[in-house]
Each structure stands twice: as structure tokens, then as C-alpha cells.
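In what follows, structures are represented as C-alpha cells.
Both complexes below contain subunit A, partnered by subunit B and then by subunit C.
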Partner chain A sequence: MERHHNSAMRTPLNSVAVQRRSKTKSYRLSYRSGIGAASRLGFTPGLTARRLNTSRKAPKSNKITEKVTKEQLALLVKTEWKLSYVTPLYQFRHTQLKSYSRQLSAFIAAEKQQGLAVDVEGTQNHFRVSFSLVQEMTESVDDAVTVLIQIHSKPLIARQDEPQRPVWSGWLTCINGNPEYLRSLPKDFICLPLFCSSEAGGLTSLVKSWFQQSFDCCFGPLEISHTSLQWLMALWTNCQPESSIRQLKMIWTLPVEPQLQVTYTVDAEDAWQLWSSVRKENTAGEGEENSIDIEEVMSFMQGLKGHFFRHFRLDLSAGRLNEVSTALGSAKHSGRIKFSNSKYMITTLMLLTECALLKMPI
Partner chain B sequence: MDESKKRLVQRLIRRIPTKMLKTTLEKWGHLTGEQQRAMDSIQSKWALTESLLAICEENELAVKHLTKLEMIYMMDNPDQGMWYAFQLTDPGDDAQSVDLMQFKEQFKSHLRELVRQVSVKIKKHTDEAVWIRIAWGDTYSRPDHLKPTYVVHYLQTPYVFVTRLTSKQKPMLFQAMILSTRYQYSKDANLSGRNLTAIRDLLMRKYQQVFPIKYPSPLTERKQTVTNPHVEREQAKPAANRLQMACEAFGGGTLPQLQSAVYKLETKFRDHTNTLMMEREEPFRCVVKFSSTNLLESLKNCASSGIASTPVTPLLSSITLKGKNYFVITDNGPGPSSQMRQTQN
Partner chain C sequence: MAAQLNLSGPPDSGLSSLTDQSMSSQTSNRSLRVAEKERRKNEAEDPSVLALQYFYNVEAGTPVSGNDEVERNLVLVEQVAYRNGLSPEAISIMLEFAMSLRMGHSLCPRVLKCLIPVTVVPQEAVVRGVSWLGVGKIPVSTQVLFIKWVLTVFDMIDAKDQLRAIYGFIFSFVSEENLCPFICHLLYLLTSKQIVQVFRVRKLLELQSKLGRQPFLLNLLSLYKVFCPELVTLSIPSRSKSVFKNHNMPWKSALFAVQKRNGSQVASSISLASASKDGTNRRKRKHRHLEIPVLSSVVNKEPQTETSRRLVPLVQIQSVAELLENMDHIELPAQMGSLLGSSLALQYLDCVQDESALLRLNFWLGYALHEELLFCGDGASQNSEESLQFLDKLLSTQHFLQEGFSSSEAFLYKFLNVWDGSLLRPQILGLLSNIPVIPSSQIGRLLFEPLMQLFFTSSVFFKCGLIECLNNMLLKWLIWHSVYALEDDLDISLNSHTSINMTLSGFKDSVMGLVDFVGRLGSIGLQLEGCHSLLLSFILDFYTMVCDMFLKYGLPLVVLPPPGVFYPALFATDPVSVDRLAFIMYRYKVNLTSAKSQEKLTEQAFHISRQTFREFNNYTVYMVNCLWNSKMFQPGMGVQLGEELLLKSNVPQYWTSFDLVHHPAFMSYAIDFHQKCWPGKKDIDLDSIKHSKPWSWYLEYLFSQGYDGLELFVQSNIRARQGDGQQGDSLST
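On to the complex of A and B.
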């Protein structure tokens, strides 16, 4: 059986995978292409081509606002999340959330007792952890339901009038994950490859440690590659007719001494005009969404760089694109994302889930 | 004690770093030897505030003495806050012969005519700069010493540098300025930055300028990197040329420390491979901001390392040649933008 082979192959790989966290090379690694059992038997990480999808559907708005509750959405937008990838969780059950909440609280309390510094104001507080599900934030039937974790601090003197804001929150999600990969996982594994955490140093590492201990998984940093940043630029600009992006801002850094930062901000309408001018004539049928190809994205970027070059005779390719932002959100190369508008979150999350899955060691 | 005096003392102690306080107080000269020694021995800001308040009581010091202290500190440490450069234009016949005493009297009287309640202090700095501190009030309130405007002007030059100024205060300040300096108009020089010395040096060309010369000179590269001798020999001439052109555009030696330059582009999108965009009538609007701890140094290195093509485009070299760091570039604009019509890709 395939599954049998997989679980046998899986165990020695984790140690190898941990080393291969190099920044750009991992995106070229092998992604299963559904050839069949033969490709999965031998562990050949570098051979078959594995890369981001070269074409994507244009983003649709507001599916998410219809289904996910307002309170939960409010927690997810307007915060800058730090991204990591997670390997599949062993024996994680969506039905045991209450128990997990208690276990994580206890774990944090125990670590604090041991003297691990937790950088939150009022260190005498106890922490209350709550796990919850964000129902309906999935795209395909194979996606596992998103899990949201919040940590509140419980002051010793309870103050009723103060609304409890979490001191830390994080969520695990899988949006439109590759179905072949998801179906190939053995029964006991749940795949929620994208982990978003609000920065709070100590608490993030505690939560990660607990997950690693409890579900035999592995966390790693997820950077947003140049290609993904370009995708986001194009996908967000594509939304301009429906919902104004206000401006398209790119931040580049050039490798000179002292470092030069270039902030290139394009008006929303002009960015949209340039983007539509590079779209190919699409012969999609009635009612079908047009898909966007990587070539169009790259032409868009070339157009922007060319306009810059014609004025300053300075080639932006010599530098690095660090950040992209519009009124819909912002993304940083270092692995940080912010959703400013919940309407187009799903498409962005689809892209990020793909990036996270590319980092999977198998 | 007067509330406003107290707040002024608090503000001063907060702003002046402890290590500068000693010299600033000495220059101020309103403390007895004993009081000075007492202040020197205190470390905490709170204690310093209390001590200075007590001394003010003892020596019967007024607000004007405290503003003098602030001015001494600002004159010695001008490279903080934001400074904006302005230029006076159309000088009258006697603009060059305005002397300091004349300027002082006239400026004070003109400003007092325009603004009923205003407190003006004028001092001359060692480097010929005239420093003016203005605390603004209006018909109903006394001058606000917590939000002063500092103005620096070099007599015999048309340049004026100003710190914070509201849109109401600006016309009055410049009216007084042009009347007392015998110019006709004032305009925004489109140059701003944190270092007064840097923007002054840039505008008044007080940095090491490098001029084009007929024969390439042996300007030495500062960083010596170890490379293949063949490559070095081949690259020596192009590298020397790039460095020469970079220095011509931005200057040699230590460059004035600018933090940013902003270009508002309103030019058409000219890319022959993209016919749809070429047909557009409207300009492609975007804003480009360059920032760095030392912008001119960064740009010079871009040019000398080849990241920016040489000869340096007029858009970038205008920063030094025109002494500006805010530009609006249109297709009809002078010089730089019309040259941008070359559609290289």
C-alpha cells in the first residue's frame, strides 16, 4: 500500500529536512506530480521539478465574509503575522480542542516556573489558552479546518470592565492545499502547513515547542520569495476595479554602502492600466474565471522596472524586493503578512499555503 | 512658580542630553560656580529639573533667560529635527549691503507689526550665520515658548533655513524676511533634511566638488578588493571612469548627509513593446523615494559600482547640482525630463 511505504519513508527524513531550509533553493524542489507510487517510493528530493503553480485563478472577493463570523475575522485582519511552515501533525484531533487548551496552559505555566522568560507585562499573570475553529475558512474539501489559538493573560485581580485582548494569537491553516499531497498522507496526519503568529517572542516559541512535543511536527521559517511577492502584486492589482487598492507600493533595497532603500509607489489606476495592458487575450468560456499566468506577472514587473530605469538609469534587479503593499494588505520578504481587507484573504492564503507546502520535507 | 516657566525647564532638561548639559550651562553663564558644580554632580533628569527650577528662583531668572539657554543648545547642535530650505529671490539694489544691526532691527520691527504677540531673539553664530528664535502668540494669547521656530539665515546669501512652521506663520515670517533683507519674493527650495549642516553645505556648495577634466585622473578607489589581475587590468579604466563620473555628479570626499530624496513622476509610460500603454494620453503617476543614512554616498556608490549607469542621469545629479531633494518631473519640464524621452529599455 502506498501509505505503508510513505510512513516508513517518512521517519528518517525529518532530520534531513531540517537542514535544507535554505532561502531560495527549496522552491525548486520536487513536488509530487501524481505520477504514481513509483515517484514516492524512493526518496529523491532534488530530482523532479517542484515549484509554485505557474497559473492561478484571479481572486474573487467576499466569499469569506459570508461565512466566517465577524468577530473571528476581526482577529485575523489588521495584524501583521509572522509566517512559519509546519509539517503534518500526528494525531491532532479537531474534537479535542478543550483538552489542548488545558494542556498548553499547563505547559506554559510549567515552563514559566522553570524560569523561562516570557516577555509579557505583569509576569504574575496566569495564562488562559483557548483553541477554536474558524469554520468555513477552507477552499477545497481536502482542507483541514483552520485552528485559531489565543492566549489571554489572567490577572490575579480580575477586572470585569476590561475587555480581554489576547496577548498572543496564532492560527494554523490550509487553504486549497494540493489535493494529491493531502490525500497521500496517512490517516492519522492532519496537514495545516501554514502557521501565523503574532510576534511575542517567548510565547511563540513556547507554543511551537508544545506542538512539536505533542504532535511530532517540525516548524520552520517561511519567507515570501520574490516570485510570490510578484504574484501578490499582480493579484492585488487585479482587484482594483472591484475594490480600490489605493496605491501599489514596493520597497526595494540596493546593496551599496550605506544601504539604499527605494520606495516605489504607483497610483492605483495607473497600476491597473499597466496590469491590464499585459494581460493576454483569454479565450475562456462564459462564466469561467480567467486564469493568470506567471508570464503576465513577470511582464507587469518588467514594465514597472522599465519605467523606473528610463528615469533613473538604475536597475532595480540589482537589489532585492523587500515589501509589497496595497490597501488590501502587505507582504514582506522576511515572512510577514498583513491582511487589511478580508475580502481577498482567501487568494492570498492559497498562495501562502502553496509556499508552505513547498517547504515540506517530503 | 510660573507654570509656563516650569514646563519650559522640564522641556529643556528633557531635550538636552546630560553630557551636553555641562558645557551648555557654562556658556549660558547665569550660574554661580557653586550652582554649576551642584548641577554637574546630579545624574537623574528629574533631579536636574528640580535643581534648575530652584536655581531659577534663587537667581530670579525669567523666561527670556531660559530661552537663551535653549538657543545656545540649538546653535551648538543643529543637526536634529527637520530643517526646510527656502530661497529669497529678486534682490533689490541694496540687498548686498544689509548689515547685521540693520537686519536685526528691521526684522524685529516688521515681524512685530505683523504678529502682535511675538517673542524674537536674534544671535549671530561664529560662522556668520544669523540665528533667529521666534515664539508665536496671537491677539489672545502670549507667545508659546514650547513651540518655537528657529530660522537660520546667512546674510549676503539668499538662503533661509527653517524648522517647524505652520501655514499661518509662514507668510508672516517671510514677509518680515524679505522686507528686512531687501528681496522681493521667497520660494520653497525643495530641500529638506535632518542635518542643517548637510543641507546648508549642499545648497551653498560647501562640499568637495569634482569637475570634469580632460584626462582621466588617478582617483584612487577607497575599497581595495582582491581580484584576478587580468580582470583588474581590463576593468581598471572603466572603473576609474565610473568613479570619476560618480564624483562629478555627487562630489568627492565627505558628502553632505542627506536622508532622502523624493521624485513625483508624472511622465508618460514609454515602452515600445507595450502598445496599449503607449497609446495612453495620461501620464503614469508614481512617486519614488530614495532613502539612506547618507543618501549622496549611496548614490555615488551606485554609480561607481555600475548599479546606476554612468553618466549619471540628470534626475539624480540634480540633487547636488540644484541643491534640492524634492522634484516633480513632468514631460514638459525643463532639462531632465525632456532628456528622458530616450526610450532605452
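On to the complex of A and C.
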């Protein structure tokens, strides 16, 4: 992850191409030059802007509850999600969800019983898939609407009237994605770079391969980097006055033999005090642009590590932050996240969308 | 009709073929007698024509048992069939005779078995045959036999349009349990897109639920899926082979024998199977991102209006001819990455103009490369066998297309920063050499910085590899330039989409940057590796191209090698390097002279700086002085050493040390020459070669050893042979 981080920061700053005037050949340029193609697609500073922001808005409690339906929200909040990044979907239509539901359920049925053809139109399927939109869960006009996928299944031995149980759910989202990147994509592409799935019964891989075959996209695992975890700690702690985080819990692993795992818990009030002490004067005001800087996050971390060192003579800088959790949510380096409070979900999703876009190959 | 009957060949007089037939011995004996009789009558009229006439005219209900006439005629036909095959007309008559059951069904199988076509099978006959199936009197085994026969001769049926027209009729037989496998095969061969309808899919699915997973149903359904993926979903286990059984043995050998005898080329591709995937046995692996997707058609199609051109999915295209035919209305596959997996599709990729399609391909390719080599830190080397195959595939694709993919380029810029220089070296260097021109403002950061680090920390073999790679890169840039320079006058123009425009001077800057970079790498690399001759050879390769940039590639740019490359090559201990340097200097001279004359001729010719001329003259003068005039250390030359220091070294006549006689690279030739010239002399006095006569002989001797570069250099730089004291000829600035 670190390696990737490095390299991502070194991606070309500016995109330039040697272009031929010749019309007959010009099409070749789209795969002629990486930087060339990028610029043709308007990526000019695109590749570069794709690094983790060094400054972001402080989380505001969001009125998400008013917009998103209760059932959807309950689902989004109660589950621990496994994260993936997805390259832009080709010819995905938000208006075709009904037909996608049918196709995906037929696909799952076919995959579950290899070598048996399945009628797409039929409804006799054991699995029922539903695609739905999570309206209004967007931050900017460029964001595509979030898509929620749920799979229900009927137990094999079931009474006629027994309702179908939900067995899997997942969603594709893009919250405040880099507008330059999003606008640079041709119209045929819908960018929903963040895929969250609940793991159950190997359905995740089936859903992924259906998406791959239907929209020519690729799924890759999305880890939450060290830096992102630190960002989450700061962002969550910043909410303390409005909504108690109860406690700030970190799990560190230290590279010693045998491996040492440190669980470090800080009381909410103490964390808040430390956080307010590192907040810069000018931004601490209640002004419109209440933004947080990476330096502040770093000094916050420094403060936490220093405190730990004074007590245990153990420098956490040598270790790796694996997991953070508060009452607002929890996040793991392996790419698992849980939102416990819907109010601050958007901020977290913005950070994750950024991470996912960082992973885009072009 | 009977009058026009004509069997393909004269009936053979030999009887041997008859004995092959599977008949009871009794019948066989009788047949033999009958045949014997027939043969005698042969001269009068072609009996087989009469036999066919008999079958054409025979009344319905004529008894078979004890009917010698039928027997005799049938034997005749069989005789011809097995020997030479039956003509289209004969096939029509016999098929009609058999299927109409005019003489009951006992003869039917026997007739069907001898329907060996010599050229083609008339479509009408087959259609009529199929129509008889509907009458319902034919025993099932005979029906099966008939369909099997149709399958066997399918490729020899002269047209298929009418058969397609009765697709629905044929389809109705799938519910006949015994016929179903063969009907499915026949339908498979006849299916086209329009035919695939919801109700047919339903019917097949219904059958599937009744019969279970039968391969024949599966094959037909998978073909339906190819045409209409929105109607049927199916995943075929990788193990199962989707090929119809080859159930046509009774005819195959006979057909083959007949064709062989006739020397005909009618190919009957009997094993017409569904587009079976290439038999790669995919190992199960954790990460599947290197798997090239299977070619398949799009499910969610845009609603096509009737007026718009009909699109043909790429999956359905089987040959280059078909590809060319449908070139302008091919439907791209569901996953663009699948194009890399099929050589036919690759041909098409070269013509793809759709920007979104190329972007899809690049997303997939970039994803695969990133996941395999950048993101998964731990398991990267474990999968190196697969990575290797993948990259080789990518490389051969890029070679085929003669250009690199933008995603592999973007990947390389990142990867170079973390590369250890040994993982998949040939592949990575291969990809690197496909990188298109980079603007000079970017080239340093993207390319030179990471490569410099790798170069100085790696073995001499890596150094050689990298120089070769940069050499290839430059070659591609130059070819690209020379191709397009011909196309339009101002060759590289700005494009409205780009933020920075690359003009000719921009291109020159990039090339200059690359050449300078290799010069720097070469100079320091030679020092580090003690003037390794292999490395030197690769560097000289590079300059062999650089010196000819103006004349060969039309690029108005002359860049000379740095001293760190020039002097090690001049003082190299192997004659080949010196010779190559001489050749390079000769080509520089030709290029510079030509550029200069063009400059005088036309106004817009490029200007070569005085500095370049000065450098060139210095090098040439030094080379001439050193090799020819034995004046190594002249004041104002590139290599200078204090007089005292030279005296201290105790080298006698140090100024001659690198002339053509004493140069370590040529000394052995000098001694050899000396021995040949003065065989009697015991003491070798190399200086004696320098006298006018032997000197010219010596030169001739050297040139005869294949040192053409040296010869060209001497011829172009030294005016006349006047013994010692000649001067190098320098270009005026």
C-alpha cells in the first residue's frame, strides 16, 4: 500500500501528447500515449490531482436521514462492509435497474448450477435480486447516484408463505469524486468507484463477475491506508462536541518477534482536548470554511504517540495502525468499514471515494 | 428428368468393391451374379442410369421380397455410390425413393447408407427429405439415420437458405426424444440470430428440465446465448467440452474413400463444433486479474432501429474473410480485454476507432498490470510465470499493433520507481521501448530519474539491456517521425485537445534529451564497468542510429557522442569497436555535409550550431592524428598529458602508441602483416610498416579483413596518400 502511495504521488503532473494532425491516424492516439490519451480525454491535471487531499472539510452532521429511506439507511448503517474499487462502468444505465435485477438473478442461478441454462425472463429463481437507487446521497453534481443491490433467497425447504431472506447486499457509490476526473470520462462511462459488499456465501464474487461481464469494469481490493485511518481518527474526533464518540480506539501492530499488538484506547473527552489543542487558530473559528489540514492530523497523531511513549516507552511510529474505531464507526486496514452513525457517513465516504479513485489505473 | 440422369463415372468393372458391402452372404452371392450379368450388358447402355430411372419411376406399393429387379438396380446404384459417389441428381432420386417409403421401409436404411455424394447435395432433396419426416410413417431408427446423414453431408449441401426457412419445422422435432440430440446438432448448424426467439428458448429450457443437462441441449442453448444473451444465461463448467458427438461413422470412411479416389477437395469439416474455447487449462488461482476475458457479446444492447445497420457480434466471426466482410458493422464484445485473447479479434483491434472502446481496454489492461505488479506486494513474484505469459502476450500484441497502450505506459511510469531491475526484465524493457515520445519537460522526471538509479545499481547486463531498450525506443520515435513527416509538411502539429503542444522543435528536444541521457549513461557506465566491450558495443549500436538521424529519418538534428563514449571507443582493445567508431564518424560526416549543402540551398533548412561542427572536427582531427599521423598529444586536442609525465612513463615513442600499427586493437594485424611482408625477418620492426609502400599495403590488408568502417573513414577524411605527414580533413563551420 505504501508503495502504491508513493507511486501514485509520482504520476505525471501534466499530460501532454505529441499529436498528429493527420486525421486518418488520430484515433490511434487514444492508445498511443498514456499521457497523450489522458490529455485527449481531458485528464490534463487529472492523473496528478489523484492523490489524497491534504486538507478536507470538517464533518458536518448531515441531513442524510431526511433524504434516504429508512430501510436503506438501516441497511447501510448496520453492516460491516468490505471495500473494493471499481473502474468506470461502461454503459450502465440508472434507468435499467429492473432488467439488471433479472439478469443478475439469472446469472447467479446459472453460476450456482454450472452447465444448466437459465431463462432470463423467468421468475422461478431461487435468488431474487433487486437493484435500487439511494437517492440524494450525493455531494456534488458530478456524482452518479448510488446503487444498492440486495439479494434475497428462499430456503430450499420452506413453507409457501415464508418470506425470502436477504442473503447479500452491496452498493456502488461515488461521493464527491474528483470532478476533473469524472468529467474527463466519456459519456458512456458511469464512475461509481467505491463498492461495498457484505460478505456472504460467495455471492460477492458472482456479483463482481456479472458486473465485469456486463459493464466491462474491473474490481480490485481497496485497503484503507495508514494515512486514511489517521484521517478518519481526526475526522471522527472532530465530531465529539456534536455527537459523542465515546472512546477512540486504535489497534497497532509492532514489528517485533513475536508480533506485538497494541490496543490503545483514549477517552472521548481527552481525545477531543488533544484535538482542539492541535487545531490551528485560524481554522478553529466557526467560519464557513472549517477545514482540517494534514499537519493537524499529524500533530494529533504525534500527541497520541507521545503520550503512549511516556507511559510505555514504546514508540508507535515504528508500528502500523491496523484498526480504528469510535462510536461513529470503525475501519480496518484490510478494507473493512462500519458506519455506526449515519450523520457522519458522508464525510467518511468522501475519503473512501478518494482512496478508490487513487487506485484507478488510468 | 430421367433422361438427363448421369452418374458421376463409368461403372467400374472390378468386383472387389462389392465384397466390401455388408450383406448376408446369400444376398451377396446373388448380387454378385446380378452384377456380373449387368456388366455384360454394360456396353449397350449405361445400366446405372437405367437403375436410377427404375427408382424414379417405381410404383408405390411394389413388393420388395422376391423382387429381383429392385435388388439388381439397387446393387448397381450401390456399386457406383461406393466407388465413385452419386451425382446430385442421383442423390435426389434415391433420397426421395427412400423417404417416400414407396416400397416400404425395409430398403430405406440400405439406400440411405449408400448416399455418398460425389460433389454436392441438392438442398431441395434435403428439404423434401425433412418434409417426409413429418408424415410420421418412417421408423425412428431410420429417421435418426436420415438426420445423421444430413449432418454428415451438411457442408456439401449446395445452399442452406431453404433449410433455414424451415427451421421452425425442424425445431418441432426436438421433442422427439430419440431424434433430439441430432436435431439439436442440425439446428446448431442452421441457427442465425433472427431465429433465436423467446418461445424456442423456453422450449429448450423445458426440455432441459425434463432430460437434464444434456450436452446437445447445452450446446444449442449456448449458441442461442451468443446470439441473444439477454434471453438465456448459462455458465459452462470449464471442464466440459462443448462439442457435438461425431455420430456419422457409417458415411465418413466411404465419403473419404470416394473423395480420395476422385481427388476432390471438397472438405467436409465433419467435426463442426461450437466455437470451442482454446484448450487452455486454466489453473485455479487466487487472483484472476491476469485472465484474459472470454470473447462474448453484449447483453444490454441499445435498442436497434430497423433502419440502422445490423451489427455482427465479434464472437460470431470465424475467419478473416468474414471479418473483412463485416468490417464496418461489427459489434464490440462485452469485455474489450477479450480482444487480446483471440488473434482474429486482434486484427480488428487495429481498426477500432471507438474511443470508449479503447478506454475500456485500457482500464482493463491498466487494472491487470497494477494489480499484478504494483498493488499486491507479497505475492507478486509467486505468480511470475503467469505475469510472464501475460506480459509476453501484451508485448506481442503491441508489436502487432506497432504501438504501445497508454495504460501500459502509465503503469510503467509508476512501476519504474519501485522496480528492482530484475523482475521480468526482458518484458519490462520491451514494454518500455514502446513508450511514445515524451515531452522534454516530462522526460526527466518520468523516465530518466528512475532509470538512472536502476542503471547505476545494476549489473553490466542490465546496463546493456537498458541501452538496447532506449535504442529501440529512439528507433520507434524516429520511424514514427519519418512516417508522419512524409504525410504532412509540418509534421508534428498541435492538437486542440492537448494542453501542451509538441512542435517539431519539441520533438527534437525530446530526442535530444534521450540521446544526451544515453550519452551520460554510456560515459559513466563505461567508467564503472571498465570499458566493458559488450556495453561499448551496445552504446555504439545506439550511436550508429544517432549519427544517421538526418539522412535516414529526416530529422534535422545532429548530436555527437560525448568524450566519455568517443575516447573509450577509440582506445578500445578490440578492433571491431574502433572500426564501428570510424564508421559512425564517417556517417556523421556524410550527414553534416548533406545538411550543410541543404542549408545553402534552401532557406528553411535547419541550422547546425558551430559548436557541433567544432566538436566533430576535433574528434575527426584527433582520430586522424592518433591513428594516422602518430601524433597523439597535440596541444589543443581532447586528450592532453603533461610532457614530463609522458617522459616519466618510460613509454618509448609514446606519440605512436595508438597509430594503426601500434594500437592495441590492431597490433596483432600489424605483426601478422609484418610476418607476411617480410617472412625472413627475425626482429619485428613495426615502424618499418609506416614507410610509404608497406603502409598502403598494410591499409589494404586491414581493409581486406572486413574493417569497412575504417576504410570509409580513411577514404573520406584523408585526401591523398603521401606517406607520413598527412592532415585530417575537417569540415568548415
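Structural remarks
Going forward, the second predicted complex is superposed on the first by the 283 of 362 C-alpha atoms of A that agree within 3 Å, B and C clash if a C-alpha of one lies under 4 Å from a C-alpha of the other, contacts with A are read in each partner's own complex, and residues count from 1 in each chain.
Quick note on the criterion: contacts are C-beta pairs under 8 Å (C-beta built on N, C-alpha and C of every residue); 3 or more make two chains touch, one makes a residue touch a chain.
Remember, predicted model here, so these are calculated numbers, not experimental data.
Once the two complexes are laid over each other on the shared chain, residue contacts for A:Pro179 go to neither subunit B nor subunit C. Look at A:Gln259: by the touch rule set out above, it reaches subunit B but stays clear of subunit C.
Of the two partner chains, subunit C is the only one that A:Glu111 touches; subunit B does not reach it. Using the contact criterion defined above for the overlaid structures, shared-chain residue A:Gln103 touches subunit C, although it does not reach subunit B. One of subunit B and subunit C touches more residues of subunit A, and that partner is C. When the shared chain is aligned, subunit B comes close enough to touch A:Val278, but subunit C does not.
Shared-chain residue A:Ala318: touches subunit B; no touch with subunit C.
With both structures placed on the common chain, the touch criterion links A:Phe309 to subunit B but leaves subunit C unconnected. Interface of subunit A with subunit B (complex): residues 254-267, 270, 273-274, 276-278, 303, 306-315, 318-319. Every residue of subunit A that touches subunit C in the complex is listed here, in rising order: 1, 3-4, 6-8, 10-22, 25-42, 44, 47, 87-88, 90-91, 93, 96, 99, 103, 106-107, 109-111, 114-122, 185-186, 188-189, 212-214, 216-218, 220-221, 359-362. Across the interface of their complex, subunit A is touched by residues 198, 201-202, 204-205, 208, 213, 217-218, 221-222, 225, 230-237, 240, 289, 293, 296, 299-300, 334-337, 352-353, 355-356, 358-371, 374-375, 377, 403-411, 413-415, 417-418, 436-439, 441-442, 445-446, 484, 487-488, 490, 492-495, 497-500, 502, 506-507 of subunit C. Chain contact summary for the complex, subunit B toward subunit A: residues 263, 265, 267, 269-271, 274, 276-277, 280, 282, 284-295, 297-299, 301-302, 305, 307-309, 312-313, 315-316, 329, 340, 342-345.
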